[in-house]
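Read the structure below first, then the notes.
Read from first to last, the chains carry the letters A, B and C; within each, the first residue is number 1.
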Amino acid sequence: MSTAPIIVSASPHVHSDRTSKKLMYDVVIALLPAFLVSLYIFGIGAFIVTAVAIISCIFFEYVIQKYLLKTDVTIGDGSALITGILLAFNLPSNLPIWMIIVGSLVAIGVAKSSFGGLGFNIFNPALVGRVFLLVSFPVQMTTWPTPLANRTIIVDAVSGATPLSIIKEGLLFGESMSDLSSKIPSYLDMFLGITGGSIGEMSVLALLMGGIYLILRRVISWHIPVMMLLSIGLVSGMFWLVNAEQYANPMIHLLSGGAVLGAFYMATDLVTSPMTKKGMIIFAIAIGIITVLIRIFGAYPEGVSFAIIIMNAFVPLINKYFKPRRFGAKVKSKIVT
Amino acid sequence: MLKTFPKGGIHPKENKITSSKTIQKMSIPKVVYVPIAQHIGVPAEIVVDRKDKVEIGQVIAKSGGYVSSNIHSPVAGTVTKLDKIVDSSGYKKQCIVIRTDQKNESNFENPDYPLKTEIELSKAEILDRVLDFGIVGLGGATFPSHVKLNVKEDNHIEFLLINGVECEPYLTADHRLMLEKADEIIVGIQILMHALHIPKAIIGIENNKKDAIKLLKKASAKDENISVAALQVKYPQGGEKQLIKAILKREVPKNGLPMDVGVIVHNVGTIFAIYEAVQYHKPLIERVVTVTGKKLTNPSNFWVKIGTPIKDLVEEVGGLPEGTRKLVNGGPMMGKAIKNTDIPVTKGTSGILIIPEDEATRGEPKNCIRCGECVYVCPMGLEPHLLMNLTEKGLYERVTNEDIMTCIECGSCSYVCPSHRPLLDYIRFGKSIVKKLETAKN
Amino acid sequence: MTVSVLYSILLLVSLGSIAAVLLYIISKKFYVYEDPLIPVVEDVLPAANCAGCGSPGCKAFAEKLVASEDISDLFCPVGGNDVMKQVAEILGKEVVEKDPTVAVVLCQGGCDVRPKTTEYQGPRSCAISSLIYGGETDCQYGCLGDGDCVNVCQFDAMYMDENTGLPVIITDKCTSCGICVEACPRDIIEMRPKNKRDLKIFVGCLNEDKGGIAKKACEVACIGCSKCEDICPKDAITMSDSLAYIDAELCTLCRKCVPVCPTHSIIETNFPPKKVKPPKKVKATKIEKSLKKVEAAKKVNSSEKNEVVKTNVDALKSKTDA
């Protein structure tokens, strides 16, 4: 026999082409259209925030794995890259850089590494980072830059707002929906992305393109995005039907506030979502309900991040009770002929 | 829309590179190593001694119990030793080593028996033939066929399903057998239907064997009780339970048998062996084996005598190519990797796959990313990631409750895992421990 | 203000009292009687929870000891005879003294003497890889080297030797609990008697193949030649399936078997090195004289004489060597 020895291993002796690296890089590709739109709308600010988030996420994962935990370094698998991108997509493009770094540290260090690394975290790391920043620095996290303005320079504290925050504040001050309708952008503007908001959540069109790409490439399945958006639409629609002046139109709910971003990219995170189709449907519907409830009755105008994190905590329970049907279970033991 | 089983399944590359190669006869091997444990159940008991002269088809080992089978000499020659030789299980097992008598003419007869359609034996005689002539399931499971055919009076069997699916990539033994011996297979089916009073038979064939479907439809046209079902190409359609669900939409209950839903399933190779045993007194001494691999000069299908060392087969196809890193006894999904070519062919060897360097190494296992792919593809509705996790932690009671014993070890889970986790290794290990604990309890 | 403070204090005090009364009632109603001897016995046990005694933990063993009438079968290998004596005193029951034992790794065919002929890929666990085939070497009885035994030892008494790939047992730390014996899928580890100086003699092989095949797979394999069986004065060595086995009960550690083994398969540990007798001086000078003659004869260059002298010298040399 030639030099290398014969290999013996257990079956199967072939493997499919899918690797976790390929899955991760597909997600990166799907996020590109939204990033490009954001560059167009917010300019350099978007680029800097995204770059800082990505670099600090990868850096922190490297340092923690190599020097703190002393295990294998796995920054090449693409998961830190995606956490960085998704964290950046949830931040306003004028956030101070040091806050982005703190957010990355919380996302990677607290939400991911301290649970055991990839595959062991319960909560979506990017959302944990975002929620941490929101709660710790509420002012800077809710000061949005104006779209299509000041794109080549970095500015902070410029006035601009998201549709949902306009609605929330307006309703608080006693204005009705018809009064507010002139202040919020048109449906088309929201669909294309010419609106205020965090880097990733504006262009529904770009996000949809990426989401459909992911479904076609079988990286995610359609269950979570479709059921979550349906649920948001239905619940907000119910409220709107009751009183159209007090409650926003379901189209506004669907087109703004990161609902589409959350539905296709955050709730579908493989590690923190259920593993059976039935479980995914329950998961997605619950997220939709909680999102609308927080948006309407909660203190924050935006509810997707909190809703997803709350449901992440229920995923082990969902996995336990929504098991796949065993072959041959619940069948009569003999066919009566 | 062609029928298939609804739950799980994968679509590996088919690689049926030998599907157009006619089954060839091989040169008679100089020495055969016949293991006594070629079937599920109790190993056979040796009834010959060293220096005994044996004839082709003579019984050299008798069935060791109910779930056991006779073993017959594949050649005429002399027993040189009763020794322990490494077989495809990876361990040394008792074998009967026979040196072929190169001068004995019976070794060189190539009886291509003419088609015999009349069934002359009675039902009891047919079942005795199956028992005496060492027929076991040739699909790879090697379950003694007479046990499967032992149907009690009150158990009414409605359908005989013939497994012509051959869902494993690379293997074409059953395909070629169906093309070359279609009429004989139909007679074999009729023999079984007659023996067990089964009213209908359906032959299941995957749609990548369109010529076999056409040929068998033609051959079965005269008998209205035999039909052919073309099935979608999906692995593991050849699994008994999946086949029954695909063709008849009946689900065998958990821990049950096909008999519970009125069905018996047999492989086409087994049917052909039963045909030859009943019509021509031929015991099971040879079978079709596909010798294949991407880098082989001349991959092909062969009639191989039981006990032929795989070395001889490899020589017939032009020798072991440079850079061969893995030898597999069987198909790539469920076959066993073997350590060298001295291992003999047994009743359960459906193919020899020679894998080159670039496809032989396993990926490095990483953390489970909880993608759920293993759950989606499992045809038995299990959760492989959970079974592996529980086995690693030693929680055997929980793992029994998660139905680990219903796993058919098809390998779909390990095939799809993006993190290259050795799911099936751990599940097999878990099953062996659970079995041990069960027998310890009883 | 003070009224509300008074009310809060009153409320909390009454809540606390009600809770205290409730807890008292519940603790009396659901009281589980535990034999007071059990915690006393448990205190004496080594608290290793290793299951070496057969019970799932020290507490369970204590319960079993208290509950059983006859505890002569029960033994704690970690605590040993001392602990069992104490238990006997506490319970007033009789215990049987057992000789101390230690775990011994029987296979001594390491990477240096047993070459690998195939490469295994898969989970690095002996129990899992033994399901697939006989191992990376040609000996299907030998140690697989993946360390299931080392991983399961709770007393840090085992480690993997990097050069030989075999597990090594630190006899001082071994408590003879028996977990490694069960963990090994090949039954390579055995309990043998422990003596004060840790002297051991055992056949370091489990290979049941015939001699030629065994030797090809491993240089220090037992080839079943029976030389050790023949020479043992106490009949402590038995042969079966081309493999020798030394019964530790009958062996008197005389070491006669060790040098006769042609493959050095019998292992002796911790014995002092054998003394070598110095050769007698008289014979040596005779040899010296003859050697001088040879030197002189060489110079004269008479071939015949050299032959004769040479053979004489060789004969003398061979006498001193024997």
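Throughout what follows, a contact is a pair of C-beta atoms (placed from the backbone, for glycine too) under 8 Å apart; a residue touches a chain by one contact, two chains touch by 3 or more.
Note that the structure is a prediction, hence the values are computed from the model and not measured.
In terms of inter-chain touching, the protein chains here all touch one another pairwise. Comparing the chain pairs B-C and A-C, the larger number of C-beta pairs in contact belongs to B-C.
Taking each chain's centre as the mean of its C-alpha atoms, the one that lies farthest from the centre of chain B is A. Averaging C-alpha coordinates per chain places the centre of chain A 49 Å away from that of chain B. Our note on geometry: chain B versus chain C, Cα centroid distance of 44 Å, whole angstroms.
In terms of their C-alpha centroids, the spacing between chain A and chain C amounts to 57 Å. Multi-chain contact residues of chain A (touching two or more other chains) are listed as 4, 6-10. Within chain C, residues 117-118, 121-122, 131-133 each touch two or more of the remaining chains. Under the contact definition stated at the top, the residues of chain B that touch 2 or more other chains are 90, 336-340, 361-362, 422, 425, 428. Against chain A, in their complex, chain C makes its touches with residues 116-122, 131-133, 136. Note for the complex: chain B touches chain C at residues 84, 86, 89-92, 336-340, 361-362, 365, 422, 425-426, 428-429, 432.
Remark: chain A residues 1-2, 4, 6-16, 18-20, 22-23, 74, 77, 117-120, 270-276, 323-329, 331-335, 337 touch chain B in the complex.
Taken together, the chain B residues at the contact with chain A in this complex read 7, 10, 12-13, 90, 156, 158, 169, 241, 245, 250-256, 260-262, 320, 322-328, 330, 332-340, 353, 355, 357, 359-363, 366-373, 375, 378-383, 385, 403, 406, 409, 411, 414-416, 418-420, 422, 424-425, 428.
Partner chain B is touched in their complex by these residues of chain C: 117-118, 121-123, 125, 127-128, 131-134, 140, 209.
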